[in-house]
Every structure is written in C-alpha cells, then in structure tokens.
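Just so it is clear, A, B, C and D label the chains in written order, and each chain counts residues from 1 on its own.
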Amino acid sequence: MPVNKVFDTFDAAVADVVDGSMIHVGGFGTAAEYPSYLIAALARSGVSGLTLTGNHSGFSEDQLKMMKDANLGIIKYPDDYVSPGLLVQRGQVAKGIYAFPVLNRGLEVPFETLLNEGKVELELIGQGSLAERIRAARAGIAAFYTPVGVGTVVAEGKEVRDFDGRPHVLEHALKADVSIIRAHKADRYGNLVYKGTARTFNATMAGAAHLTIAEVDEVVELGELDPECIVTAAPYVQRVVVRPATMSTSWETPC
Amino acid sequence: MTNFEDKPRLDEWSMAMRASQDVREGMIVNLGMGIPMLVSAFVEPEREVMFHTENGIIGYGRVIDDADAVDPNCVNAGGQPVERAPGMSFMSHDDSFALIRGGWIDVTMLGSLQVGANGDLANYHPPGKVVGSIGGAQDLAYCAKKVVVLMTHRTKSGASKIMQQVDLPITAPTCVSRVITDIAVVDVTPDGLVLREVLSGWTPDEVQQVTDAELTVPDDVVELSL
Amino acid sequence: MTNFEDKPRLDEWSMAMRASQDVREGMIVNLGMGIPMLVSAFVEPEREVMFHTENGIIGYGRVIDDADAVDPNCVNAGGQPVERAPGMSFMSHDDSFALIRGGWIDVTMLGSLQVGANGDLANYHPPGKVVGSIGGAQDLAYCAKKVVVLMTHRTKSGASKIMQQVDLPITAPTCVSRVITDIAVVDVTPDGLVLREVLSGWTPDEVQQVTDAELTVPDDVVELSL
Amino acid sequence: MPVNKVFDTFDAAVADVVDGSMIHVGGFGTAAEYPSYLIAALARSGVSGLTLTGNHSGFSEDQLKMMKDANLGIIKYPDDYVSPGLLVQRGQVAKGIYAFPVLNRGLEVPFETLLNEGKVELELIGQGSLAERIRAARAGIAAFYTPVGVGTVVAEGKEVRDFDGRPHVLEHALKADVSIIRAHKADRYGNLVYKGTARTFNATMAGAAHLTIAEVDEVVELGELDPECIVTAAPYVQRVVVRPATMSTSWETPC
C-alpha cells in the first residue's frame, strides 16, 4: 500500500489531539500565513488546557470582524481567516509561549484579558529565541546558549554563562505534541514547499513535534516538487490536509 | 523644563529621511516597526541595500501602496506588502534569526520608548501594561553590528525619552549607538552621549533642556540636514 | 573454540537480503557503509521506503552501476551514485544530521567491528590504528529509533565479534537492538542477547560456541530464511 | 557602484588569508563536492599553520593520481580535482578537526602519516556534531547540548549534563576565519544554489566564518535565482569565483 499522509478532513486530522497538549501554531502576522482551517478544527473539537506557542496570541472573532470591515492595511482579510486567538477566546488555552502576547498599543486581545484575570499563564520569549528553541526540538538539541536576552525579563531564572567574554543565556528546546502549520504544496509523502513569507514559523515548526499536520493549498503528484527546492522534508510531516475549494465562512462548519 | 512648543520638529517622514543617510550601499539593513519602516522609501534602488525582515525576506523592495499589486505572501514584519526585488530570497523564521544572531545585520533601525545614556534600549513595555511584547527587536538589539533608534525626542506629555537611566523594562542593555529624534542626532559613546546634529531653530543648549540625560556638545556639532 | 570451517555462511549479499526483511513500508531508513549499503537492492520500489543518506538525500533510489547514467552530484555517503526517486529531496549536512538527531530515522543499519551483550557498538576504531574515523555513524547510533548491525559473526582470524564486553573503543553505548550476521540473527534485550534465527547447517549450540557473549536460546528460535 | 562580490581569480580571492587561520573546507567525499580551485590557490599561496575543519582530511597527490588511474568506483575523478589532503601533504596544516581523519582500512592518508609523526594535532568529532558546531557559528549560538558522543572519545573532557533524564554533552560553536566552499550558481550579491549532494558541508559552512569564499560553476544575472530556492542567502557570502572554462590540470598553475 503506497504511503499516503493526506487526510480527508481537518476534523479527522486533529481528532486525536488530547486535552493538555502543547501545540506549535504556525504563522506570523498576516492572514495568509496561518493554518486557519486547523485552528478552526481545534476550536470545534473543544480540546482544552492547551499550551500554545507562536509569534502572536491572536485576535477574537469580534476583533477580526472589525479588522475585516475596516480593511486595515491594504492586505484584505479573507473570510476564512481564523486567528489562533479564537482558541484563547474560547478558553481552550491554559498557557501561551509568545513573542507578542499583547499588542503594545490599541486593541486588547483575548490573551491580555485572560492574563489580567489570572486565567492564563504566559511565558514571554523573544522571536529569535522562540524560533531557535523550536528548531532545537526538530534538530534533537536539548538546549543552547544564546547571547540574546541576558539581563532582561526573558532571562529571569535562567542559567547565564560567559563564552568568549560575553554572557549567554541557556534556552531549552520546545518540543510540542503537535505542530499545526500552513504550506503551499505537498506531495503524499509529506514534502512541503511554502509561498514567500508564509514560510516563517510554519517551516520552523515542521518536525518540532511528535505530530506535524500541514494545511496546504494543493497536493501534487510525487516527484512534481523539485528536490532542490523542497523546504520541509517528508519525515517531518505526518499528516496533510487540503484547504477546501469553496471558502468556509464560519469556523463552526465541519470541514 | 521648558516645552518649546513653538519650535520646529521633524515629522516621521523627515526623521526617516534623515535616517536614510546612515544606510550605505552593500549594507544589510533591518527596519523595525513604526518610523524605521519608512526609511526604505528614501533609499533609491541604485543604492544597493539589502533590506532584511524578521519574517524571512532578505533583499525586499519598496513598500507597496497599490492594493492591486499586493502579494499577501510578500510582506515585511509590520505586515506591509513589499515588492519583490532581484537578488531577494525567502527563509524560515529560524533561519531568519540565525542570520540576525550570527551578526550579519549591519544596521538595525528601531523605534523606542526610551534610550539610556549607556545605550540601554527600552522599547517593548509601555507604562501601565501588565506585560509587553518583546517581539523580534531583542535579537536585533543584541546582535546587529549597529543599532540606531528613531523616536520622538519626548513623549506626548513632554517627558524626555533620552534618559540618564531608563525607568522602563529594557529590551537589551547598552546596545544603541545612535539616536535620531525629531530635533537632534545623538551618539552613544564610551564617554557618554554626544550631540552630533541639531535641528535648525534649536540650540544645543535648548536640546539639552528637553533631554533628561547629560549631552556632550562637541565643537563640530552641525545642523541636522535632510 | 571450534572453527566450523566447513559450515555454511551467508555472503554479503545474502546478509543484506535477510536484513531487507526488517525494512517495512513507510520507514525512514539509513544504510551505513559496507554491507548495509547493499540492502536497498532488495527493497522493491513498490515497498515505499525513504532511504536517507548522511550527505543529504532523503528518499534516494537504487544504486547505479551504469557509468553512463551516473550523476556525480547524486551519491550516497559511501560515494555510490544513486538514482533520483520521486519524492526525494536534498539537504545540507547540518539539516541532514538535524533529521538524524531529531529522532526521525526509523532504522539504521550499520557495519561493525564488535557488538557488546549490552548493545554497545564499536565500529570505528580498528585494532592497531592510532586513531579511528568516527564519521557519521555515531549520530545514527545514538538517535535512530532502531539500530541493526550487519557484520560477519567472526573476524577473519576467527575471533567472535559479538562480545560479552567489547574491547575496542565504542562508537555509542547500549544502542544496538539487533545483529544480523553470516550465521545468525541475535536480538539485544533487557535480559541479554537472544538468538532469534540460525542459518541452516548450524545448531544454536554451535552458534554459541563461536560467540564470546552468552546467548539465550528461546523455544521459538527459527531457521534463518531469505 | 553596484554590489559585486565576484573576484577575477582564485589567487586574488585567497590572497589575504594569513598563517594560522582556521578554515572550514567544504565537501564531503567525492570530487564533485570540493572547492578544488580554492584549495589549489591556498596551496600556491603557501599559507601555513592552518587549522582545517571538514569531513575528511583528504588524499595526497600520488594517492589521487592512483585513484584516477584505477578509476575506483564508477564516478570518475576529473583532472582538476584537488583534495584538501594537498594542504596537509605540503605541511601547511597544524591541526585538523575531522570526522574522517584517516581511512579505517587501506590507504594511509597524509594526515595519518603526520599524526603518527606527531606533526599535526587532531580533534576527532562525529559528523553530526561537526555539522551542528559549524551551523551554530553561522547562527550565533555559542554552544549546545547534544546526546551524541556521551561516554565516547569525542566527549572526553567535555561537560555532560542530563536533560529529561538523558545525558548530553556540551559542544561549542566552530567559527572559522575563512570558509571555502563549492556551489553551483551564484549571483553578484552572493546568493547561492548547489547541485544535489554537493550541498552537504558546503551549505553548512557558508556564513560560519568571518569570510566565506564560494567557488561556483556560473554567475547568473541578479534575479535569475528563484527566491524560493536560494539555499545560501547573500549576506553569508563575501566572495565568489567562477571555475575556469578550460580545466586546469595542475594545481600549481596560477588561476
């Protein structure tokens, strides 16, 4: 039987994600980079007590609607954009490991509200150390010394050691139970390519978990992806799901 | 402290224009959110600079303001759509920060809330917030070859943002080498802050009056020109 | 110790053929230099296995023996030219070993000089050399989900290579889970070495006689079949 | 003046490499992967007291000639293949950091001869830790903990610490003065793509030194390399030199 990692539905792909899981959530800042359908499927599954990692804690449904209506910026928000903030807003998240837990001005995002109420835990970490800690998990490195963060809040309680006369802080790998990521094309082995800046944390998180699920625009024939240009190699990806041809306009619709 | 309300100030675009003078051909440059992101508009394409953005482009082109020309998969860290430029490449977030941490960024320009006389950078935690968002500025502040801050000289309520000692949580210690404000250019040196350029309409003494930190005024201080 | 010179032994190809039974569809497999590299010849393309090689291919195809079909830029770690196969990709050496260290190799098959009863692997430092070349086997031995050793049961001079305690420098401690030799298949278990398969023409007792380490012989020991 | 990292000659590209430098030498095992012309230029320059890192210490001229004549294997050795062993044989190397310092059987390579005579120093390190130490230098990581090597010769004298109940050894970054690497195509900014398995240590070493020099088959117009497929980004490469159209058959010929 040929290897085939393609799942029929997002619901099936996340069905065995259990309460209390740690989940790497791909994406960075704009709608085109997030695994929206996988986030929606996790919202529908109702799984709770999650630890999420990612750049940003995300927006509530109302905030997204407002931003869509206002067309903030000149990049439009598609109707099927679901932010990881949905999981926060719905109380499914116990802890966040983020570089941007809150907006420094303006909107109060759901995570900030819950943090102020003492209902979620935060581990604040700079983007570079976050990315490297995730990469370390993929690469089997337990911990590493980086110069970044020494003397600031992110290094509190962490070991500091000098190398070549410069202090470095010890950061630990972040291996998740599940990585949910967005890519452009996949083949049935799970090889992935991305589209421009959607590579970001998506490629970083692939393989940094026991289970990596990729939401893709398209599955192509084996051999169609150029072996010189594959960004994420097949072993890192266990499941692939294709985004629907017809845009889903509510996260609540099974998909 | 006098407010000097009637005195001239550079607007954000003019500050960016002044900052663009510090960007030289062949440099790898990272522009932080806010005013710094305006700088690329003043770097003509013939001056071959590679602009890096944390979310994984090295060598992007101009910021796009035509909605029809936008590619949602080619944006900078501020979410602005940018042009594809010849010689650019995409990379993952870990690769992008490996580039930063490895010391390959020649100059980063960052916004800030405060800068200390010793070069301390405090740009992530606004007063009154329970937490701040440290984002990607920290790696840039620790690892870029040169850190230039672009910020207004004072807060809206008139408090100096160039402090003898910052009183907000720091993003990175002793990392800033230059501050470009709406009225002056100040360098952080081993001997303290040195006033390099003053906006027309201000005297060095007046700049000092609106600055918490002590400024050294050398003989060769010049007028800030765009 | 009797030599049993007249008894049958598998040749290298037959050992590889036996080993190929342990390679199942969907597995990520790394084959070390020497006998292990012969294994891929016995895995039909329909059994979709991804062969990984340290120098940066995941999913290569068959070894090529036609000089006209050779691409010098598509070789395995032993320098053998290999076919491009659909679904393959290339990666750098750091990425290739990140894949190994991260635990993504299901089975590695390695040659060895000695294996200990506790699973110690000693495969890099031949007796008499001032130093050995540790190469890429070490990462595989520590990090692959399963380590299978393919080696002759004894040295040319008749010494056992399955040792109660290895006496050569080790590549990695307690990592081997199975040894396939020219006369037997032996598993390393928490209770010691267990004889699983014996080549026709040998009795379990005779295999024990040419083995330094103590072997447990379970009731279900079977004849080694290809 | 446009940015242009292309040098006219290999001799010019290595002219400022000084005695005692640490040099990462790209390549892995076969002829097509080595920066042969850069190795030859270093041999001609006569620079000495070098510390070389790489997978393999390399062959002598006589050994190469023998192998070419014997046509060992079915991949032919081109006449312009120069092995890093040339630098060892000529006494230009003080220390080697290698995974394969010697052949475990057969030929005695120059490094083994000199090692037995006490004329060179060896730091033995497994391929994976070597690759990761070089990557760490590129990525600004001072040191990292890996499970590989604990309890063996490569971990002697190094710190060992448990993470999640498993012992790990502390390995330090290897930042060189110069990386010499081989790539397929470059542009004048220094972006690089490789050809198949020639990527190996070449891509790993790019940017893991103060100065990276790439020997390439071809320089293409800016913009011709697909931004999704560039493997080594421009900032990591300071100099590019194109291999000659007519093969050089002696390493002694200025080039």
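Points to keep in mind about this one:
As a convention for this text, a residue touches a chain if its C-beta (ideal position, glycine included) is under 8 Å from a C-beta of that chain, and two chains touch if they have at least 3 such contacts.
Just so you know, these numbers come straight off a predicted model, no measurement behind them.
Subunit B and subunit D, compared by their mean Cα positions, are separated by 38 Å.
Computed from the mean C-alpha positions, the centre of subunit C lies at a distance of 29 Å from the centre of subunit D.
Look at where the CA atoms of subunit B average out and do the same for subunit C: the two points lie 57 Å apart.
Among all residues of subunit C, those that touch two or more other chains are 90-91, 98, 100-101, 143. The multi-chain contact residues of subunit A, meaning those touching 2 or more other chains, are 132, 139-141, 146-147, 194-196, 227-228. Because contacts link the chains in a way that matches no line, ring, star or complete pattern, their graph is best described as other. Every pair of chains that touch is listed here: A-B, A-C, A-D, B-D, C-D. Taken together, the subunit C residues at the contact with subunit D in this complex read 53-57, 64-67, 70-75, 77-81, 90-94, 96-98, 100-101, 124-126, 129-139, 142-143, 169-173. Chain contact summary for the complex, subunit A toward subunit C: residues 1-3, 137-141, 187-189, 191, 207, 221-223, 225, 227-228, 230, 233-236.
Taken in their complex, subunit A has these residues touching subunit D: 132, 136, 139-147, 163-164, 166, 168, 172, 193-196, 226-229. Taken together, the subunit D residues at the contact with subunit C in this complex read 28-33, 55, 73-76, 98-105, 112, 115-116, 122, 124-129, 131-132, 134-135, 146-154, 194-204, 231. Contact residues on subunit C toward subunit A in their complex (touch as defined above): 25-26, 28, 48, 50, 52, 58-59, 84, 86-91, 95, 98-105, 143.
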